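Heads up, the next two complexes both have chain A, just with different partners, chain B and then chain C.
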Partner chain A sequence: MIDFSILQQGLAMLASPWTFLALSGGLAGGILIGALPGLTATMAVAVLAPFTFFMDATIGIPFLLGIYKGAIYGGSIPAILVNTPGTAAAAASARDGYALTLQGKSRKALELSLFSSVVADLMATLVLIVVAIPLASIAIRFGSPEFALLYLIALTMIATVSGGNAAKGLAAAGLGLLVACIGLDPMSGYQRFTFGNTDLLAGVSLIPLMIGMFALSEILMQLTHPPEGQQTAGDVEHGGERLRWAEFWVLRPTILRSTSLGTFLGSLPGLGAEIACWIAYGLARGRSREPERFGEGSLEGLAAAEAGNNAVVPSALIPMTVFGIPGDTITAVLIGALMAQGMMPGPLLIQQNPGFLFGLFMVLLVTNLLLLVFGLFAIRWLKQVTRIPHAVLYPCVLLLCVCGAYAVNSSTFDLLILVFGGGAGYLMRRTGFPIAPLIIGLLLGPGFESALRQSLVFSNGSLAIFWSRPISLVLLCLLVLVIAFLAWRGLKPKGATLRLPWSRRKKPHNANGGDS
Partner chain B sequence: MVDLMNTVLSRRSTRLLETLMGLGTLAAGLVFLRIVHAPTAPYGDPGYIGSAAFFPGLMALLVAALGVVLMLMAWRPQPPTPIKTGRTSRALSAYVLMVVVAIGLPWLGIWLTSMLAVPLLALLFGERRWYILLILAIVPPVLVIHLFEGVMGIYFPRGGWL
Partner chain C sequence: MNHKTLPLTLLSASLAAASLTAASTVLAQESHLPDEPIRFVTPYPAGGSHSLHAGIITAVGEEFLGRSLISVIRGGGGGAVAAAEVAGSTPDGTMLLFGDPTINSLRPQVEDLPYEMDDFVPVARINYSPAIFVTTPEQPFQTIGELVEHAGDHPDEVIYSSDNRNGFTYTVFEMLKGAADVEMRGVELGGGGPAVTQLLGGNTMAYAGAPSVVGEHLEAGTLTGLCVTDIERQEAYPDIPTCQEEGYDVVFQFWRGVMAPAGTPDEVVAELSDGFERMTQNEGFLRLISQIGSDIQFQGHEAFAESLAAEQAALREAYLGE
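Here is the complex of A and B:
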């Protein structure tokens, strides 16, 4: 039966002018940040997350969702205009988008990118709404063994898929789980590995560490590998004819296929928009009647890449809202922001704050309409942002990182965590260690530990608890299948591009495990 | 002149670096194991499921084992994934700057720290025009600090020198 009070709460959240303002501001800011080559969506959400701690959750979380969606879309603008993807998720869009720009059809390319993004995002949001509630009703029945297995599946997938080398991914996840042990033991309340430091009682501050690992390390990577001869929007001709309805209409099978693929991939932990765009692009090429046009300015290729990466955004929220497991690094930051607001993503969120969750779903739908409006403005005016030099951009990012990390707890100790994260993130990226498993291990660590220990305590140390219950047996089979599939796939080390800044990776590598 | 951007580390150096990363992972695991298994057993018996030492002990063992695997993998017959050298010295200089900012902020205060750090980082990015550096020293700190202090009510350390 429909609970009208929940609908009322959700609609009240949407009707609030502050929520609308925050959403619009976040979306506009996200498009702007996404369009700046070198600033990733993860970095944007991580750096701006501290701002939301001083807002109500109904304002702060829509703000971050706006940034997330805006940045993923915004990354396609410089990809199309100057062949420099603003975010890794837009890398596939650069191939045909830039080819269209060189043919004098940049306006058509930008409009196609926007419309494909909006359609894909809308469809994936509807899937999220339809799927999340029934899945959550199943998740509520989960006990400790099921959650322990679920966390293990998520960590295995993230660790092995997110880097070129499975051993490095697993080591990063293990280190994340170890760092998560610092602070109070979740079951007995013992102080562990704090060495008498009261700043570590609540564990290592997640947001400063994430800002360091994603943003400071990106600054250091940009210094190490500065862009070579980067074009600006002023160097090429823009404009040309507009996209015709008939041209867009014939692309509907491609967009539908890419959206379905992006939605599926996004709902799996560890697979972010930057992988989905390439797989969707490859699939579209395989199914196309004109595969030879891919890379030469194919509208099909551009639509597939854009639909694929934007469909990931809402679907990555499925594991987050249902199980409390981040689908990618951006949702990891979102979980951190929700926890800072006193909310625990997962089945409890749906049980305790159904109105808030319904409101978020409504916000996601409205964001699509706003994305269309803001996107049309961005197409016209945002090409100028590609002129901003890195020498101006990154010092400002550093200042925001320092102030944002300090603002979380008003603690200078958090600044040390920030620079430690920056150094560790840089070292990991230079040597091909993926950052995502470490962060997600750190995030899931307390939950995983509690679930594992509770399960073993209930069963007096017997592992049979993991296969003696029907749901846990299914999850155990799933874990075995995941491991078998990953072993079969044969994880091979990938190229040196893994160690370049995220913004300049143009190959279908997933070096960063869902960082977009 | 050596093209730093397209130079990769030699196979031997890459193997050495990969070994060091494996060694670092092993060391992290061993440090946690050492603490958990200390004679005084600070968090209880690591073999008992209910103790606070059980999970860290298990994870430390896993990490140490993976460290060994990484060290062995660094010396496989197949050539390792090459590592581009790039301008590491600039990145290290920037990192030193970041560490100085983090440590120095409580003593130097937010204004002095940010007014020095922002243009210095711009210098490392290759900006040499004095007026741009001057603008960077003033405008971003004023905007960002006022945003945090004025709008969000977060007050930063002013430093002992004021």
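Here is the complex of A and C:
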């Protein structure tokens, strides 16, 4: 089965010092880009891809893959340290990651995020290498009705991040869905809520709004409600203690679940890390023994979110290598870069250039190990961020946010969205409305709308399409189960823990549910 | 920190060296262009064929235009956002739109958009590609005639992958439906990637797309070509007839071209047009373009203006019956 000349060719590619150098450079640059809010992996890869046209394929492609991986991981760093997700995929990591930082455990959070990312990425890469073809042939059966149901399942995760007040959570999510309606109607091209404004035709840009809601509102909160000296001087050690092996080891079911989920979602063309992180987070909370700790610095929550979004990276390559179809926007750019090297990704690449493909797989595995090394090195410095006085740190964060928000679309209008998001986020925090549901609504709204309306075109307006197809029937049952489970948990009388056999019969500490 | 920046420095140094050798022959002649970089605006999100072409053009363009080119990727509103922005920019040749028929000929006529067709002057057509109607080998029809017959026997039951309302695929299917007088239903999926996915997954029955999107699947046999919307057969796919040969008058050439805002001085348009012409004759440029499965059908600003006016008139007739 294994052709040794292919193995040799692949390994030779890896042995080249230039490949290694390009990979390391890409990875370091990627971590930096991901860590800067607003600079996304997609943009970095798209901007740098034309330069790889002039390079050898064994240098250019590993360089781009390094950036891609580095940027997805890098997004979690500012999410943890300053509550500003560097990329949309890291939004879920900000909840528990930043809570840990506030408790003086930033080092632990950073290490956990790194380890979960690397482990998830490693497992997903093995899946890509071993079962790409069977997985892809299942994934391609997913049509619009299945996507609509997957989006609905993801939307139910709002319940898990709404905190104590479900009504406020629903209101925030509804607002997010409404904001998502702004812009050109995806099917008919009709202008909705644009008030004649050209910039609104494209809708409200997600990333500037998200940076505003998370980062700007955080800065405003720091201005008006400075923390009561809980983490100024006198910190035992900068960044707090390390992550203990035992703490990581007990998380293995959580990480395994998140990884499988992220791998599967990533293999569906069109679904990316932004949605995987929230479903993984919600799933982990649902299965957790201490769901009340989620949002308050739960290691499980952070590990789930990070494993979920990083597992998407290798598996998004599955539709690309098997069918030549982009798994997400970044792989679309990668396909372009591969084509410029004279290689058509897809069924023909496997037949015509298996050595290169094998080399790519090896590169992916090596990138992971490098990520671990780079990450550990970066954490030694990053944990010092918490020592920076807020009077210095926050103006810097503000500057980066403004630059990042502008960079997304080179649009000055996006700066207004940033400011608007900051103001709205501040008001929501002051009045106890959770921000996460709004972001989820905004993120999933457009995809859900398109999938739903496409399904109804398929079926000529009949809703039966959601249960007449075998896969969608399964998903529909899953959706009902998820809602039933959430309702059962929510309606369960307080203190009735005896009915919950795996909760260790522990009394919930805080009656109002914990999250805020 | 140092050992992290080193590889980056090395890499950027080699990049700089590569681009320097390419740009060693900057033209010395007098120029009408302002002495600042040209912003080359791609109106679609990164990853499509537009951004791929723009990446190559902006990477090599400086040598031929005498100004560096900055690639601005500005998606949204199916291209309308970027088009409106370029239309409203200072008309001095420093901001150019990478346009196409849907943005510059069709949508301003049939939709209420924040820019008009006349807000642009044509500078240069880079190339065009026709659409190839395709289906999967599992479908009951394997020629364009059988497709039309099947659609005639089962009105509104043939579901095809479409891209966007008034997009490339959308338009050629509208033309086919008009030419053959049949009813079929299109699902707007937003782009070529998802459209092919849904077709391969058996959720839709047909599609029409550029050779760069469907070509590999035609070679691998996972898709069957029905007919091509050009006036002659494609060199790469000599077995696929044109739609006209099969008796359906569907001709649509999806061009990619450089547009400047209206009011740009004629000598600037002419200078840019000449610059792009020299670029499209360059061997290195042609090699890169052929590597992304594309080629060049250049038209200078005068010829392009004529063919553009003809296309706009034809679409007005097809859609509005004027």
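Assume the second predicted complex is superposed on the first by the 275 of 516 C-alpha atoms of A that agree within 3 Å, B and C clash if a C-alpha of one lies under 4 Å from a C-alpha of the other, contacts with A are read in each partner's own complex, and residues count from 1 in each chain.
The rule is short, and it goes like this: a contact is a pair of C-beta atoms (placed from the backbone, for glycine too) under 8 Å apart; a residue touches a chain by one contact, two chains touch by 3 or more.
Computed from a predicted model, the values in this text were never measured in an experiment.
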| item | value |
| --- | --- |
| Partner chain(s) touched by A:E296 [first = chain B, second = chain C, both, neither] | neither |
| Touching partner for A:G422 - first (chain B), second (chain C), both, neither | first |
| Partner chain(s) touched by A:D56 [first = chain B, second = chain C, both, neither] | neither |
| Chain B versus chain C as contact partner of A:E449, first or second or both or neither | first |
| First, second, both or neither for A:L178, with chain B first and chain C second | first |
| A:H225 touches, of chain B and chain C: first, second, both or neither? | first |
| Partner chain in contact with A:G432 - chain B first, chain C second, else both or neither | first |
| Touching partner for A:L216 - first (chain B), second (chain C), both, neither | first |
| First (chain B), second (chain C), both or neither touched by A:E247 | neither |
| Common interface residues of chain A - those touching chain B in one complex and chain C in the other | 51, 54, 187-188, 410, 457 |
| Chain B to chain A touching residues, read off their complex | 5, 8, 17-18, 21, 25, 28-29, 32, 35, 43-44, 49-52, 54-56, 59-60, 62-63, 66-67, 69-70, 73, 80-84, 86-88, 90-91, 94-95, 98-99, 101-103, 105-106, 110, 113-114, 117-119, 121-122, 124-127, 132, 136, 140-141, 144-145, 148, 152-157 |
| Contact set on chain A toward chain B in their complex | 51, 54, 164-165, 167-168, 170-171, 174-175, 177-178, 181, 185, 187-188, 190, 192-193, 216, 219-226, 228, 389-392, 394-396, 398-400, 402-403, 406-407, 410, 412, 415-416, 418-419, 422-423, 426-427, 430-433, 449, 452-453, 456-457, 461, 493-496, 498-500 |
| Residue ranges of chain A in contact with chain C within the complex | 21-22, 24-25, 28-29, 42-43, 45-47, 49-51, 53-54, 63, 140-144, 183-184, 186-189, 191, 196, 198-199, 201-203, 269-270, 319, 323-326, 329-330, 332-333, 335-336, 339-342, 344, 346-348, 374, 377, 381, 409-411, 450, 454, 457-458, 460 |
| Residue numbers on chain C that touch chain A, as the complex places them | 1, 4-5, 7-8, 10-11, 15, 18-19, 45-48, 51-52, 55-56, 58-59, 71-78, 80-81, 84-85, 107, 111-112, 114, 156, 159, 164-166, 185-190, 193-194, 196-198, 200-203, 212, 216-217, 219-220, 222, 288, 291-293 |
